[in-house]
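I have a structure I would like to understand better, so I am pasting it below and will then ask my questions one at a time.
Letters A, B, C, D, E and F mark the chains as written, and numbering starts fresh at 1 in each.
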């Protein structure tokens, strides 16, 4: 269901981003109408480097037929204190089906099994209700409201800190 | 009272670290008996790169006579979401005098005046009471207990998240 | 969908209150079996004064056919600190349809666009689960349990503070 | 130690305000260099009305010699839900002596003995450390950070909600 | 819907436990494949003693036909401070139907009506999402994350404290 | 500094309790003017049983000269979930000297070294500021306000949950 991205994903990823601009760009600055295949290529290359250096573990989410339906990943890895950020997005035509929840659960399990990380943080803007619901359904626990923790649309906004912790 | 470190600080910094091993090494892994001038040199060089690249803003704390009495700094800068980590330590012979509190206040003021950062996080292990008191006295607000957020002595421990926010 | 009440709403409002006594009176002291058209008239007059003085912005919620299905509003306006209370109720025959959630979202948007208020508080008794769900679904963030913050049935009860904040 | 203000307090109050502009005006908009005896008169008259109408219970704090050293009071009384705001300030020449703490304790005791209020809220801007310490020392319990709850210097700021509750 | 267990429940209880080992044993150490009728007998006897001594009030949940579909109860009663723990489990073939929620509501009502207890705590491991949902739906309010409060699978885990309070 | 009580402590303990009635009885129901040597004897006997059964670990605090200056202990041990309550009191003539803080630190260290307990809870009534300060100074972390968790003077009151956790 999740696998590392490869250069073959460029076209599908670009298409998925374009399809999702209306929903995703509000919350994630990298998602915008001018997103091009070159952006996808560059990101995929960086994810390969991330896996190699253990600085980020990004994945594409694919359905049973192999179609790309979103991305999820571990990034901002802090190897000293062994925590990282966990992020995800689903292409607009496939939201509302519980895909993000299952993908995050698989990703978290993979991460606790294959890395030394103890803590995965899911930080969501207070206005992003859909993403908060994913965090809660996959078992991340809400710990706090962090003030001005994210930039959304060029403005600082409060965010909710959820965390999955190794047990 | 605070200024960027220079190569001239190598000897004083090394001495300050050695003097403080018993107090500081428990909480900060970089502080240990084998700390050498080469470590100080390497750190100082990295702080110069940090200032240049705007990825970290590290400072030494000096007294009126110019003696090095500790360090404080901004690091783990996230330029997309405009937040960073704020850290500090005082050499053992100068603790208990309110120096860290004043230095952090100056540092935070400098940061809000000279960078685009909106939020400075002070993350302290639950057992580190002295450092928690500094965070509170300099006006950082306790937002939450973050589970397993730090490694202390090779073990994950809970930490208290305090934050100073631009107003 | 929401509009200021007018004297023409007296009959419909009185009927809606009577229909809802069993559900609403438990949580809101103004709602009781003896509620009369005079009470509706008096409240409507006070809402007109509220709009005029900017001390409260009360609305009725109407369906596509113009029928009154509930009320929502901004009150306890603090013009110095620019925050206010946000309240709502739906007549018993129309609950469970998501009407309150949509009305509150429209109301909050209107308020941030048309007033200087920065913060809208939704304070719900701990036992009032249905109302808590509305607060969460419309994007208000739970900030705390406030002890003995409301009177319910003549007794002080704890309440949950949710807030929507201007961004 | 605390008593209702009277018209005889006008001169002393005006003087105390002027003496305290540097410390108090940052946090309280009513305190500014142009504060005149007319402002004191007007406020004292309003406090007499407040006591009469049970809408506010404002007091001056006086020392053993009868000199005015500050004010404290209950205001924003909500008679339906039986809670109110509790505020205080001490003239600059008398701060740091624990006067506010003792005055607030007397005030809270008076309020629970003489009114039906169940809950007294002390809401302090996150940057106002001195006032937070008073709230903690007099036994009010910190319940939450309320986002953008106060205006300070024309900007919305987060505030800490402390409360004293009738037992 | 809920009634005290009797010796006649031994067979049905044992069967229900066996049916539920896969779901329940992860969270509750008493539930394991070797659970025998002797364990059921012993537990039922202890519940009778609990009712007699007012130290625990355990119940079986039965459907309209009288079949045993789970258990719920009050235990760890602290008679000095008048609080207790509230627990529940539903046999695997009957989960997902809202039975636990209704049973807990009946149990809490019974407890507040028939005992002097003021506070019922529902403490759920952070990973046990299904049980957290029951706690929320029956009106218990989440108060905190308690660190290392439960043992699950031989390891200490964090838990969420929910409470129902007498009003 | 701390040792298990012995029958020889009866007289000193009774005297310490009497001396402290005014300060302690408000918060702890067992402390009252009628406390007699028989009560001390009975308590000491029960602490011996507690140590033997690992159900409670109560200690007396003694000064360098061997005089009894207070008590501290671990009780309400939950052996399944490996947590317990931690309590303390200091005789009135010896308060304010930091004795409780040091004794609790020794007690917690002893407990983590000699038992399987993972979590020690210090639960303090919201009005008991002195005891809250001890909890904070000995490194217990405030986790939440628990509503109506203690009985004080025959009334339910809110309490602050602090915890020390094994690391």
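Here are some notes:
Heads up, the rule we're going with is that contacts are C-beta pairs under 8 Å (C-beta built on N, C-alpha and C of every residue); 3 or more make two chains touch, one makes a residue touch a chain.
The chain lineup, named per UniProt: A, B, C, D, E, F = Acetyltransferase.
This one's a predicted model, so the numbers in the text were calculated from it and none came from an experiment.
Hopping across touching chains, the smallest step count from chain B (Acetyltransferase) to chain F (Acetyltransferase) is 1.
By the document's definition of touch, common neighbours of chain E (Acetyltransferase) and chain F (Acetyltransferase) comprise B, C. Remark: among chain pairs C-F and D-F, D-F carries the greater number of C-beta contacts. A repeat of the B-F interface exists among B-D, A-D or E-F. It is B-D, with more than half of its contact pairs matching by residue number. Distance from the chain D (Acetyltransferase) centre to the chain E (Acetyltransferase) centre is 48 Å, each centre being the mean of its Cα atoms. One finds 37 Å separating the Cα centroids of chain C (Acetyltransferase) and chain E (Acetyltransferase).
The geometric centre of chain A (Acetyltransferase) is 30 Å away from that of chain B (Acetyltransferase), both derived from CA atoms.
Touching two or more other chains at once are residues 141, 143, 145, 147, 158, 165 of chain F (Acetyltransferase).
Taken pairwise by the contact criterion, the protein chains fit none of the simple patterns, being neither a path, a ring, a star nor fully connected. Inter-chain contacts occur between A-B, A-C, A-D, A-E, B-D, B-E, B-F, C-D, C-E, C-F, D-F, E-F.
Looking at the complex, you find that chain D (Acetyltransferase) touches chain F (Acetyltransferase) at residues 137, 139, 141, 143, 165, 167.
Listing the residues of chain C (Acetyltransferase) that touch chain F (Acetyltransferase) in their complex gives 145, 147, 158. Only residues 126-127, 129, 145, 152, 155, 157-158, 160 of chain E (Acetyltransferase) touch chain A (Acetyltransferase) when the two sit together in their complex. Of all residues in chain D (Acetyltransferase), those touching chain C (Acetyltransferase) in their complex are 29, 76, 78, 80-83, 118-119, 141, 143-151, 156, 161, 163, 165-166.
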